[in-house]
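Below is one structure, written out as structure tokens; the observations come after it.
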Amino acid sequence: MGMYALEVQKLTKTFAVKQKKAGFKESVRSLFKPQWQVKEAVKNVDLLVKPGETVAFLGPNGAGKSTTIKMLTGILHPTSGDAQVLGCNPWKERGRLAFRIGTVFGQKSQLWYHLPPADSFELMSRVYELRRSDYLIRRDLLIERFELGAHLQTPVRKLSLGERMRCEIAVAFLHRPQLLFLDEPTIGLDVIIKQRIRELIAELNREEGTTVFLTSHDPGDIERLCKRAIIIHHGGVILDDPVDRLKREVLKYKTIRLKLREQEQQAMSFRMDGVSAAYEDSCTILLSVDTNVTRIETVLAFIVEHYTLEDVTIEDPPMEEVIKHIYASEKANLLLGAEGE
Amino acid sequence: MRKSTASGTLRYLLTCWKLNAAGAMEFRLSFFLTAGMMFINNCIWLVFWGIFFTKFPVVNGWELRDVMLMWAVAAGGFGWANMLFGNFTRVAAITAAGQLDVYLTQPKPVLLSVLASRMSLMAIGDFMFGWVIYGLVGDHSLRGLALFMLGLLISGLLIMFFTLVANSLAFYIGNAEGLAFQVFNGFLALTTYPTDIFRGGVRIILFTLVPAGFISYIPIGLLGGIQDSFLIGALGITALVAGIGIAFFYHGLRRYTSGNQLGIRS
Amino acid sequence: MNNRLLLKWKKYEAVGIITLRHQFAYITDLLLRSVFLLLILYIFIQLWQAAYQGDADAVIAGFSLQQIIWYLVFAEAITMAKPPIGAKIEEEVKSGDIAVRLIRPLSYVGFHYMSYMGEATLRFFIHLAVGSSIALSFMGAPEFGSGLAALFMLSIGAFTVAFMLHMIIALFAFWLEETRGLEFVMQKLQFTVGGMLLPLEMMPEWLQRICAWLPFQTVLYFPAKMAVAYDAKLLIPYLAIQWGWVVVLAVVVIMTYRTGVKKLHVNGG
């Protein structure tokens, strides 16, 4: 294997979408002479990922994340460009590569719905041609790690989403993949389970050196699991930075949603550096906090001291906000650069 | 206070049908394809019968022409019922999914609203098939035409209300979709085989409990010359099944709880 | 090398077994469907009895009444056992679930073949049991001789040909949005020139000649006919024709798949 777990050059995928106008004549016409419109889902993506890295691959819906992952796992053939995944060309050597990578799709179950997870483990041990003794040891280790003992004999349809996701990810680790693709692994899960799943993946990354390539639009996944973030938008890479820097520069904003007791609504008029407030309705307030200027704990302490609260939540800004910030700061950098010359 | 009048209800029905037809026209191509498929499907059954009758020209008094007319009456009757009242096969599913709420809030008869709010595209193929076969082998005199149309009326009403009874079981036993579908399928199957191949107890059942015989016998008992006892029986049973269907539905409706969609369906 | 082949076989065997076990969850559905089979078979028993005028000794086109009924039982059991592969593939392509299959070190067609065979096995035996029960009680059992052994030998090839035929259509889902129409044509061809309701001997001469050149006869007619009228001289030719078609169709399936998978465009997240 070369220096990189993942080496991608100018990867591009275009789709032809059929255009059809309403009406019978148009229907017949489109049957014989369809009109196509070309859509670029992924364009000229370059990526280099070293073995053992944890990379977050981010972007809003429809940015081309899933399409990229599907090309890197050999599911889709690209329109142009090249990729080497663990030294294999994914779409030409899909079978060979499949032995060495693992993939989890958060929205697609890979377990057999009416059967207990134990059966899916068994099937996978055959599919990946694992040696019997190795398989049993590995399975028991994962069951212990992912705390699946109690659920192993329950039909999948009776498991909660969190239990099911733990099974899905454990199954993906069964054949010791060198590279793990995770497509939205925490979607729809509650905060505690999300956190647990992130920890488990991080542990296995540390212990087994598994390279992790993850897509998500939950900034929490990125902050707590990944060292590097790549953001794509409209099919192209717009940012490739360490997560630390992303945190400092882009993910520094947090939103605090406050629900106040009704009688106190008029009192909400404090000033703090790096905090801006907006009313959502008469008793819900959204505070946008720049955590580089004021720590979130400081703001919370102040609020708790001065107000009676019904409810409070802290949220990450949505991916769309993050991208707006990136574009804004890029423009600023460009301007600064131009001035500097 | 406004009351629902007969003419108001009729106008409402006409509007329903107009809207359904307009909706179907939106997908004209797939509509003609599915309708065409049903048409061909029925034709293939007639091919089977065609080959069958080369080996056995007469089976218990039935000839190929009788079997063709039987198919014309069954498919044509099913066709108009499923075009104008396309939800009659789906009452169990609608009930189980708690989707009757929409109709319960409207000031029109619930059953009528439910039934008329869908138009089956495939059924148009069946309806056309009925008329094409009539055109080929039917009696084209005015009297023959009138009798054929009466046959279509009886056949459509019987199929619709018998299916409705099975579907209304959903109010009483919960998940009745599978059962109702089998009953519907079975009833339809029985309408397309010569009545006279059945003997004894089964034949009695076909003219009582599962009155498919009143459809399959139409080519002999009505189109081939009116047999009074058959015609009176057919009209009486049709009225009876319609009455039971309506009563069963409305009685069940009192037990309807909109939230009775239980568990995950897979 | 042998070890490697064994592992490969174990892999596909596991797919077949797990599908079979998964199907047990749908057993009530299956049993309910088989009630319909009972009804149809009952109707046909009445029909053929009327046609043969109750004469147990009459032989028409080489078939006695008892043979024709049992022919129907076997042909229907195979027909109703065929899993809806077309709908399944179309759904996988439309929903993007095909992705879950393609990330495995497993052939896509191979996976579906084993899955098809696993599911068909369960369905076949259920429908066979249901169909036999009614035929037994009305007609009694004929002397099958080696017919039943021939039935099972020919069934494997029959389901394989059926899989290939439907898979070719199903794979068109990679290009077309809608494969129902083609699927329908395929079904109706088996229905008629495949000999589902009537053994080919009952058809007009010219139609029989056409049928002999088509693959459809190998799915229903071969196994059902051999079961009720076993002929040792025909077994080898039948098996050869059947597996000949398997080879031809497999080439078409693989070529279709290879071309189609490059065009694949997967929806959804």
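Labels A, B and C are assigned to the chains in the order they are written; within every chain, residues are numbered from 1.
Rule of thumb we're sticking to: a contact is a pair of C-beta atoms (placed from the backbone, for glycine too) under 8 Å apart; a residue touches a chain by one contact, two chains touch by 3 or more.
Molecules present, by chain and UniProt name: A = ABC transporter; C = ABC transporter permease.
What you are looking at is a predicted structure, and each value in this text was computed from that prediction instead of being measured.
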Centroid comparison with chain C (C-alpha atoms), farthest chain: A
Centrality ranking, top chain (CA atoms only): C
Inter-chain centre distance, chain A versus chain C - centres from mean C-alpha coordinates, in Å: 43
Mean-CA-position distance for chain C and chain B (Å): 31
CA centroid of chain A to CA centroid of chain B, Å: 52
Interface hub residues of chain A, defined as touching at least two other chains: 113-114
Residues of chain A touching chain C in the complex: 15, 61, 66-67, 70, 73-77, 94-96, 98-99, 101, 103, 105, 107-110, 112-115, 119-120, 122-123, 126-129, 183-184
Interfacial residue positions of chain C with respect to chain B in the complex: 29, 32-33, 35-36, 39-40, 43, 46-47, 49-51, 60-61, 178, 181, 184, 188, 191-192, 197-198, 202-204
Chain B to chain C touching residues, read off their complex: 30, 33, 37, 40-41, 44, 47-48, 51-52, 54-56, 59-60, 178-179, 182, 185-186, 189-190, 193-194, 196-199, 202
Complex interface listing, chain C residues touching chain A: 7-8, 10-11, 13-15, 18, 21-22, 24-25, 96-100, 102-107, 261-262, 264-266, 268-269
